[in-house]
Amino acid sequence: MLLLQSVILGLLLGGLYALLAAGLTLYFGIMRVVMIAHSAFLILAAYLAWWTNDRLGIDPLLSLVVTVPLFFGAGVLLQRGLLSRLRPATLTMMSVLITFAIALMIEGLLGYAFSGTQRRIQLGYGTASFDLFGARVAVVKLIAFGLAAVSLAALYLLMKRTQFGWALRATIQHRDAARLVGIDTERTAGYGFGLGLATAAIGGTALSLDTTIYPSLHWHWIGPLMAIIVVGGLGSVAGAAAAALVLGLAQSLLQIPMGATWAQTVFYVALFATLAVRPQGFFGGRLAQRF
Amino acid sequence: MTLTTSGLRKAFGGVVALDGADVEFVPGKVNALIGPNGSGKTTFFNCVTGMIKPDAGRITYGGKDLTGRAPHVVARAGVGRTFQLCRVFPRMTAVENVLAAVRPGGLVHGLRSAHRRAEIERAHGWLTRLGIEHLAGAEARNMSWGQQKLLELAGVLMAEPNTILLDEPAGGVNPALLDRIGTLVRDLNAEGRTFVIVEHNMDLVMSISDHIVVFDRGRPIAAGPPAEIRADERVLGAYLGV
Amino acid sequence: ACGGGGDSSSSADDPIVVGISLPLTGDFSEPGKGVQEGYEAWAKITNDKGGLLGGRKIELKILDDQSNADRVVADYEQLIGSDQVDLVVGPFSTRLVVPSARVAQEYGMLFVEPAGAAAEVFNQGFKNLFYAAPAVADDHYNHLAEYLLALPAGQKPATVAYAAMDDPFAQGTAYGLKKKLEAGGVKTVVDEVYPPNTTDFGSIAAKIAAAKPDMVVGGSQYQDGVNLIVALQQLNYQPKLAAFSTAPTNPEFAKAIGNKTEGILSPTGYSQDAPYESNKEFVEKFTAQFGKAPEEDQANGYTTGQVVAAAVEAAGCAEQGDCQQKLIDWLHGNTVDTVVGPLKWDATGKPQGAHMIQQWVGNDIKIVLPADAKEADLVYPKPAW
Amino acid sequence: MWRCSRRWPSGRRDSSEAALPNVSKPGASEAGSASPGPNVSKPNASGAGSASPGPSVSGPGASGAGSALPGSSVSGPGASGAGSALPGLSVSGPGALEAGSALPGLGVSKPSPGLGVSKPGTPDAGSAGPGRWLPLGAGLVLVVAILVFPSLAPNPYILSSGVIVLNWAVLATAWNFVGGFTGYISLGHGALAGLGGYATGLLITKAGMPSFGALIVAAILIAALAVPIGFAALRVRGASFVIVSIALVLILLLVFQSWSSVTGGSRGLVVPRPFPGMLRPEHHRVFFFLYGGLLVLALLTWWLLDRSRFGMGLKAIREDEDKAESLGTPTFAYKLTVFVVSAAFTALAGGLYALWFGDLDPVFQFSVLTGSYIVLMALLGGVRNLFGPVLGAIVVGVALEYFKAEFGSSPLHLVTTGLLLALVVMFMPDGVIPSVTALVQRLRKREQSSIREVTAADLAEQRKRDREEANT
Amino acid sequence: MVSEIELVDVQAGYGRAAPVLRGFSVAVPAGTVVCLVGPNGAGKSTVLKVAAGLLAPRTGRILVGGQDMTGAGPQKMLAQGVALVLQGHSVFREMTVEENVLLGGYTLTDKSKRARRAAFVKELFPVVGERWHSLAGLLSGGQQKQVEFARSLMVDPKVVLLDEPSMGLDPKATSTIFDQVVRMRDAGTAVLLVEQNARRALETADLGCVLDLGRVHISGPAADLLADPQLGELYLGGRPAEKPPVP
């Protein structure tokens, strides 16, 4: 019983991890950018959802209509204004620092605007749940999972099937060559980044449905997410999703014997194990070592 | 110091890059390794220098087994190499690039100054011999393709290996300089160094090498002096495209 | 005395500068601000009455420690060493109290603090420290433990689940009760500790719900308590009794869990309705000043001020140097009347009292224990939430 | 110079007309038969067809354009002032290098990216002098500053801030052993400091060791522990390494929070005072000097490595690890060694901090923020410079205090820190010191080229001379 | 007749450093192969980068089909029919050969044309077809070069700029490439070819241009340049042109 309940909780949690990690994978594997600020944007989106709900009484899911385009635009700006100006040779390293700086700024501004208090959306259906083979499934968690699943699928198709996906990957791998085949590399990279941030908007909203948020919460997220993308294989959206589900499940199950704190270490144990056994990741990322 | 391999095999997924290559290079001579694109020449170099581990087979150098040894071990055994996709230290100047090839020995040796007069002079000597003395103070990343190629060669020579593996030394190098590189190779060879040169420039190959090994599909199909190779049917078919 | 740099002789109209470092940002910023209001109310109320030592006004100098131990030490260092304040009082949270008390000790300053409730604050060997609240964390549930253990065998809860935040204070409350109940033969079926940054309580709740204990005890701050309760409710778990520290007394609490508060218990060190003499004045004037009634954090800040004021008046001095020892000595030997009742301390600065227990009844939270202070009867087993 | 004496002064025609020496397809008309120096027999063509539509390939039209080029006067030896007359084996680059290596052993780091004035190969007579003595001077200034600061500090608070800044300086310098030499950016060094602190504290409280003995033993222990950590972390490069380093912090945080029976968990660990009776101001003074000593030691070590062959190997790793390996540098051993050295210094700083501060709390000891501040400092000052991290630590350390004072009551200090970091990354990715020196250099010499320009003809000439020399 | 591409008195360089090109002009009419030779570092690649819009000139003008395109980026240049194959290796390493080749036709809107071209290049370079699904970064140096050339053949531009296309290629592939160059010329394309395989290139080209230190050193019909002994010594290598050894 407890086992089934934990499995369900783990999968629901893993779904959310998967969506968030997908965004990271996008910048990281495909664009060589280590986006430390991803989880900060996540929290920002969650705050926006909370804020619209709190002030305007709108259902947080509706805030997506605003946050997704907003974040997309912010991503484009971020890429155009900052990241594209970094030297290609040191892009990876410098992107760590610049996005770290952005994370700090977001955290600071959130703290300034909303104080450090923990916040939580109060939803009419917040405690609603239904029965599944004797286990309980909370409605809000299911909604979050659904959001994650849909956006992940869309992202995957976009990257693999569309001309845009190809152009994006080409841009990152050899900018000059990409320009020479006629790709507008500036715009493509910008859109790619925007896309990543859009996933943060969706993830943040999903997150806000059922947990507390506070400005420094993003530190708590970034570690597991980073671990997930390494385990999944840098650059592989599918790998990240698989790793996220597995690790989310593992975390949830390990909490039964080990308790919440120790269970969190599963991410890092998995990370180090991956590096020791298969540095390129378990689910993809053939050339990962070249980073 | 003879460099030999026996049964060297390396497959990448479905692609067999080296297919049981038995090769023996003539020590003290200029050896050439030729073959069509993708015949496994670079992979062969990579295996010999430890950059990748062969799936099977043995590599010996002067009787010593070098199979699967780390690249720096191979380098220290006296085998130096250049890369086909030329690799230099981009943010170092040309002199530093060459100086970086001086290997420290033990701890005390390692802590000695890296900028000693004698070595700097030696480095400049190499740059001069390769015709890029005028670039001594330039950072490698600001150099043209051919200049980098020459710089890389200077670095390898600075390390004074006994056996030098060159992967397409002529690629992108001005023909006027090529003569010079040819002379240089001959001179160094006269000093007792062994060369193994991968090259598609047949003029160069034919004019400087004493011994040619021809690769096709991951294994040697012919070996011998230039005149013989020039006349070999198999070589003509597989490589020269006649 | 501000910036006077060593001139300790103070004239009658010099303000008494009180240095405080508080977590106005960071993890503890919310309670930190509460304490700040308490201090401000104390300064205002005291000054309105003419100040201390015959007319010296109180001036607060508050620095932000960002909820960070490095900062809190630097703050007190600055307050004492650089700003030459006359008195210092404590910051918020046990984590910050210990390092700052050490600074005060090494400068020989009195250190009354509003928030270091955990046991280890008092075994550091501080001689200058006093906790200005009725009881330390471990003793918060004393009344509840007595009540439960006194129940007849059939009714007594048989199994209890504990979930506590990994924080000296929050854990202290839950484990104080745990120790007493276990000693009384009540079985512990779940004992979970979660890190302060936990936001997802699904798994913990699942574990508790699966064990079906009679009672659930949460060693919580605020939001974690809310989250845990919501998660338990999502799993439709109905205990006979549920006790959570701190969270249920928060004014936002009922709304945060969708008003499903029925029967939740909570210890509190302060009640707006408490009959103590100074309390009426405090509630009245605080409400006038801030437009809302004081909560526990505010009361703690105010109490701290009251304790310091009492010592200053009794010792007749307030400045750095020898005076500080006089203040310390006086507090060790005397009882101070405050808004949370009369306080006295043992040699380690530990107060000698217990907290009241409140319970949500209907749409209100009422004092149910101890019997002599109760506003309503404890409902047991509690109705479904 | 060369241009006048060569056979084909192609770059600069003497005629002033826009005489395009265009040579076209056979049959096409051609202009400028007056064009000097055409050595190629041209197809017979007539007519002044400067309007020639045919394909034309031409040099610069304007005469004198060549000689007006700034580049024309830039020839290495000329600028170096050393051996400029010898075109052949004239040692132009090493002028500065030789000088560097001939320096007395003191705190001078001319070679390569020391407190870089000019690139070593770009001898610059003007700046070589001060450049050579600058590090020594800066070192002396630093030592003097450390010695007098405590007596100048107006109150204990300032002194304690000084201790904090020195702590940052040691940490940033220690970080720079890995970050500066090998280019591996670690955001996890805060955790190593935390480990050093905890190890020191635990050795004192649990093993009953004397304070400073514990400090040394702790540093050795952490250095030993750095071997397996480095073994795992240094297997991956670039971004993966950054992730691993962040993960190191987070995992240690979890462990130290959870394993409360040993570490005290979130209750923290109280480290007994090393000088129990000492008053606080005196305590600060002692630790200020201890940190000062540690800083000087770290700087000396860095300097020693920087000029050594070992350091050269590390820098080669930074540039191209595979290439370095193929040149015979045992890259993994090198990386690991320098990581261990870095860890040892970091642990010493952390341990000293534990002794000074007295309270350890996992949340603060294992914080990503600490590591990031370290990186910010090193980067701001310049990672390729001996004093870069120190300068960065002073600037950021003081700025942190200042922001706190200025925006203390709001989280805006995070915003300002972030802004500062972003500005540094965007506009001074190499750090303050290199940016400033580059600026100075640019002001001094407007357009400089480190490349002496040589045509093929020059090379041929030179070669001939070499051959003659060899023959005689 | 206007030249397909014309560089007029171009000065160009990298960053703040001294200029690399110091007043360089070249014009390539349709159906002509102009070969640019010169020592390493002379600025040949820089010329091509400027011509393709990758590097903006400091002064001077770039005319494409008579139209002033100075300052236009590579995208615009490509739209005008100017294509460049870079020196060294510029395949998209972590994409398959297929993706690489098809990306060459990124600007093609006509799907069937893309497929046709793809089939054509596969035939031209057998290795491209053989390794259609492997990652391009895993091919050997020469194979990558072939993929790159194949990629550039996906469109048929009016002006083709080739930077040492034969570098690293075996004799067979080199021949294929030179044949292709001739075919392009015959189809009316303007080709600006940079080669270190200078004699071979000059044999193919109509016009030659020797670049040294960023200036035109000498220019003229390719055959004349080839015949000049001094040029031979300084730029083309001392040995006379030698045909691939045929017994």
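As written, the chains take the letters A, B, C, D and E, and residue 1 is the first residue of each chain.
As a convention for this text, contacts are C-beta pairs under 8 Å (C-beta built on N, C-alpha and C of every residue); 3 or more make two chains touch, one makes a residue touch a chain.
Protein names from UniProt, one per chain: A, D = Branched-chain amino acid ABC transporter permease; B, E = ABC transporter ATP-binding protein.
Note that the structure is a prediction, hence the values are computed from the model and not measured.
Undergrad: State the smallest step count from subunit B to subunit C, taking one step as a move to a touching chain.
TA: 2
Undergrad: Could you split the other chains into touching-connected groups, assuming subunit D is not there?
TA: Without subunit D, and with every other chain where it sits, the touching chains still make one piece.
Undergrad: If you average the Cα atoms of subunit A and of subunit B to get two centres, how far apart are those centres in Å?
TA: Roughly 46 Å separates the two chain centres.
Undergrad: Roughly how many whole angstrom separate the Cα centroids of subunit C and subunit D?
TA: Whole-Å distance between the two chain centres: 51.
Undergrad: Starting from the mean Cα coordinates of subunit B and subunit E, work out the distance between those two points in Å.
TA: 28
Undergrad: Which integer distance in Å separates the CA centroid of subunit B from that of subunit D?
TA: 32
Undergrad: Provide the list of subunit A residues touching at least two other chains, using ranges where the numbers run on.
TA: Subunit A, residues with two or more chain partners: 111, 116, 219, 259, 261, 264.
Undergrad: For subunit D, what residues touch not just one other chain but two or more?
TA: 254, 257-258, 410-411, 413, 451, 453-454, 456, 459-460
Undergrad: Mind pulling the subunit C residues that touch 2 or more other chains?
TA: Correct list: 25-26, 166, 195.
Undergrad: Per the contact definition, I'd like the list of subunit C residues that touch subunit A in the complex.
TA: 25-30, 33, 67, 166, 192-195, 197-200, 202-204, 206-207, 209-210, 222-224, 226-227, 230, 233-236, 255-258, 260
Undergrad: Of all residues in subunit B, which touch subunit D in the complex?
TA: Interface residues on the subunit B side: 49, 51, 70-73, 75-76, 80-81, 83, 87-96, 99-104, 109-117, 120-121, 124-125, 128, 131, 133-139, 142, 155-156, 159, 174, 176-177, 180.
Undergrad: Under the touch definition given earlier, write down the residues of subunit E that touch subunit D in their complex.
TA: Per the touch definition, subunit E meets subunit D at residues 1-3, 9, 16-19, 22-29, 32, 34, 38-39, 206-207, 209, 212-221, 224-225, 228, 230-231, 233-235.
Undergrad: Any idea which subunit E residues touch subunit A in the complex?
TA: Against subunit A, the touching part of subunit E is residues 52, 54, 73-75, 78-79, 83-86, 90-95, 99, 102-104, 106-107, 135, 137, 148, 151.
Undergrad: For the complex, give me every residue of subunit A touching subunit E.
TA: Interface residues on the subunit A side: 163, 166-167, 169-170, 173-174, 176-184, 235, 286-287, 290.
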